[in-house]
Amino acid sequence: MAVSSSSATSTVMNNVEAVRATLYEAMKTDDRTVILGEDVGARGNVFLITKDFINEFGPERVIDTPIAEASIVGIAVGMAMEGLRPVAEIQFADFIYPAFNQIVGEAAKTRYRSNGEYTCPLVIRTPYGGGVRGALSHSVSIEALFYHVPGLKIVAPAFPADVKGLLNASIDDPDPVLFLEHKKTYRLIKGEVPDGHYTIPLGKANILKEGTQLSVVSYGLYVHWALEAAQKLQEEGLSVEVIDLRSIRPMDKGTILRSVEKTRKLLIVHEDNKFGGIGAEISAMVAEEALFHLDAPIRRLAAPDVPAMGYALPLEEEYMSSPGEMAEAMRELVKF
Amino acid sequence: MAKTDVKTGTLERRGLSDDQLRALLRNMLLQRQLDNRGFQLNRQGKVPFALGSEGHEALQAGAAMAFSRGKDLLAPYYRDLGLCLGIGLSPYEILLSIFARAADHNGGRQFPNHYSSKAAGLMSFSSILAAHIPHAVGAAYALQYRGEKGRAVLATCGDGTTSEGEWHESMNFAAIHKLPFVMLVENNEWAISTPLDKQMAQPEIWKRAAGYGIPGRRFNGFDPIETYAAVKEAMDRARSGGGPSLIEGTCYRYLAHSTDDNDMTYRTKEEVLEHRKHDPVPRFESILVEYGVMTAQDVEAMRKDVLRETNEATDKAESMPYPEPKDLYTHVYEGAWEPWQ
Amino acid sequence: MATTITMPQLGETVTEGTVAQWLKKVGDSVDKYEAFVEVSTDKVNAEVPSPVTGTIREVLVKEGETVATGTPIAVIDEVGAATSAPSAPPQASHAPAAPAAAVAPAPAQAAPAFTNGAGSGATANGAEAVLRGASPAVRRLAREHHIDIRTIKGTGSNGRVTADDVLAASRMGPSAAVGQAIASSPAPAAASAPPGGTSTYGNPIPGTIVPLNQARRIIAERMVESKHTAPHAWSMVEIDVTNVWKWRTREKDRFERETGYKLTLLPFFIRAVVESLAAFPLMNAKFTPEGLYVNKDVNVGIAIGLATNLVVPVIKRADQMSIKGLAIAGGELIDKARRGKLGVDDLAGGTFTVNNNGANGSWASAPIINGGQAGIVTMETVVKKPVVRDDDSIAIRSMMNSCLSLDHRVVDGYVASGFLADLKKRLEKMGPEGSL
């Protein structure tokens, strides 16, 4: 994992602790940083990410907003235009739609429409993803709606060390960043996080496991399951390379292409619906730039094109892909 | 122009000097001249689009007079030609955007009338109504957060925008946090083709202030001096930590919404002519002459000078080059653009 | 401006050439120095690079057609030029710009009907299906390595030819791949001939005519010329190669590790041959009407039989090489031959030829002399047999025959048998110790 840190020590923590620790340090070191959103202050965020921040940093820096997503983002845009470094929170990604214009029509275009006179260094954090019995309004993946937009950046780290490095980089970034936190990984995924301040540049994927017979590209919760599936295949003597995108826009084209040139086969695994998902763009890019390296059709393993995963467990499981299903897809493609 | 004798009574000038009164008129004349120039250029086939602001001259000149240059921030909308001129934008800058030249603040990227100037404190905005108001509120929050007394944000919009959800959300937030923020509504009675009575049950927008727990008032937007007083009062309140206000200036939109609109499909010529009787520009000319602040010849000379300034700015802007095709690719993010970024 | 391209002269005495394959068609664009046609002369295919950047306007000679050197074969419109009458072809000497690596007539040309190797059905439809189902990577690799996909046995799902299959085939070389394909197919070639398809050298059908390709035509001409010009005489010796074989066995693993090439008996043999040629210089001579031209350089050709062709690449100045050097030089040439990458230079300038004939168990053979040389010597198969030694004891020794065909205009029996005896002595003195 390409992380350079000023410290040689590290701490084991899970993803939600990583978000909290990073935000805390950012608030401490730069008083242009303010946090705003629903229930972020007194309640300390519904996952306790900003617990007690309001006591230390005050209500003018940890702002409990009314329930008004469009203006949570819009006000943050104004703050950013006027020199603050706001970190706005949308409580669940499923609630982000009212803010769509502010994100896509305003934040993403501020620098461009003003020919660089005004900029929008804004971070919008939001928990997304399913597998938590969240049903229609607490499970959705939203990256495909936004990754289409030039002027926006989107990251979706899966490991705690990446959460910290990418959140720091996002807060430093002079342009608007949508920071996606998979809620199921909040407490499920633990890892070593280097101490001290460090950033991971946006637009760099991470090869979690090297292999020679198949490239698997994924992000978020599914990266962990894909890794599990690939390790199972390793025991069967099949060599699968697993790439954690980490950053959706900008996306690490080079790592994907180099991997496909090596293995000649590509499987993209994501939780979002298949049609028009991230996998579609990766497939088109690889077909365009590495066609003559492909020894099999590009495959995408993704959610079926239905509006949501249901609350009932069989419906949630049918929608989501399990490590077993991922392993089967990998096996088929390796043996093609 | 009405024939008058010099009056001997006093003009209610609300603290404005003669120079300032003349400046008000000049701004109004310049606004109308530039407004008209946009349409002329469109009819000459030189520019594809023009949007007028006739009827708003007094309101915008008065509001601009109450704005502290170098301190306050302005979050206007696309009918605020006079207001932007009044806070420091030049006719040349206005025409650069009309002609979509590379030297325009927006590099020719935006529609005309989407003024922007960091130097003047003029916040960049889009065509999406009310989207700029949360930005204004956010900027006001930043001023307050940094403890910058003596600074406030003046946001403007038309009556139509007050129907947007984000208008409400912004007013609400500004009120909760007592932000240095003034919401100036320029009520010209028409939201493109929608008259006031189809937009709201309560036709007096300023009355909503009570719902937010903030001060509100209404004033005659055809009177630049009254406008100045009302805006100054609200801005002073905001600058000194007194919190936000909702103020409503009444006026009228004499022209269609833009060159893409035919207003005769939704209102009558007679109605427009009836409102023309209160046209603020000749009205203020008369007042200044009546009260001896200017002579008729002074007014004439001022008109000529405004025309000269407009013509010079037009020629200069027109001679500037367009942006180049390669300029499409800059300022997407900080740094160089890459495909598939 | 339009540029006319003419049939190049690839080789000093060449007077004609055949268009083997057009790499571009009318309307295609071509860059300067980009190969646009494959031309074959004397068993060598050379890619001809374009002298200009432009578009192919006309193709004047069909594939398979032979024309004299200097004959116009194509017209290229230079980029940006208005169409005008093509410029006259240059009359200067036809030394071509360095031709790209030659491509031996691989199965694609000589044996297109190897349908068995596909593994997806023993029918022509099966072969075509293989071709159609080939992935982009497979097509590209097959093109780069000059392999006919239809000759490869597929190990992918449903018998699909995979990219790894193509790479494996390229390492073995086309003849080996073909051999593997034949070995692994259940039915003989005849049963899987394409219905109504042509008989070929690799797949000859009884009752049909196998058309002559360029290679076969030239082989036929040369063999007739040699046999009818040089009076062939023949001799043979039996050589005890036990010690040299031990030496070879001792060195082979290390050698293979270090160089990547196999160590056979051939380089040891060639080493002995060049020493014997030094002792008997007339064996390295050539008959001319003016006299016997005794070559200064010793350039030893190695006869290599591919499935459908015979090539004799030459190790230049072999007398100056150690056994190791000969093994590497020979290995390189054999590898090139298998991959169809021999160039004109590789095949020219031989003064004597060695034919390692023993692979299939031949015990004696009477080879035909390579035109312009005084002789050709063979290595036959190595056989372990009981041998009576000088002291009348019997021992099991590895024995190998070596046969010599000689041009009796150049040398007679005295020189020839002296040469052979000398060769035998030297070989029997080699090993089991020694350095390469």
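Here the chain labels run A, B and C in written order, and each chain numbers its own residues starting at 1.
As a working rule, a contact is a pair of C-beta atoms (placed from the backbone, for glycine too) under 8 Å apart; a residue touches a chain by one contact, two chains touch by 3 or more.
Just so it is clear, the structure is predicted and the values come from calculations on it, not from any experiment.
Visitor: Can you pull out the chain pair that has more C-beta pairs in contact than any other?
Guide: A-B
Visitor: Considering only mean CA positions as chain centres, point out the chain farthest from chain A.
Guide: Between chain A and every other chain, the largest centroid distance is to C.
Visitor: Round to the nearest whole Å and give the separation of the Cα centres of chain B and chain C.
Guide: Result: the chain centres lie 87 Å from each other.
Visitor: So how far apart, in whole Å, are chain A and chain C when each is placed at the average of its C-alpha atoms?
Guide: Computed value for the inter-centroid distance: 59 Å.
Visitor: Using mean CA coordinates as chain centres, what's the chain A-chain B distance in Å?
Guide: Centre separation, chain A to chain B: 42 Å.
Visitor: Give every residue of chain A touching chain C within the complex, in rising order.
Guide: Residue list for chain A touching chain C: 264, 291-296, 335-336.
Visitor: Sort out for me which residues of chain C touch chain A in the complex.
Guide: 135-140, 156-157, 160, 162-163
Visitor: What residues on chain A touch chain B, complex-wise?
Guide: 34, 60-61, 65-66, 68, 70-71, 73-84, 86, 98, 101-102, 105-106, 109-119, 150-151, 153, 174-175, 203, 249-251, 253, 285
Visitor: Provide the residue numbers of chain B that touch chain A in the complex, in ascending order.
Guide: 73, 104-107, 109-110, 114, 116-118, 123-124, 126, 128, 131, 133-145, 165-166, 169-170, 172-173, 176, 330-334, 338, 340-341
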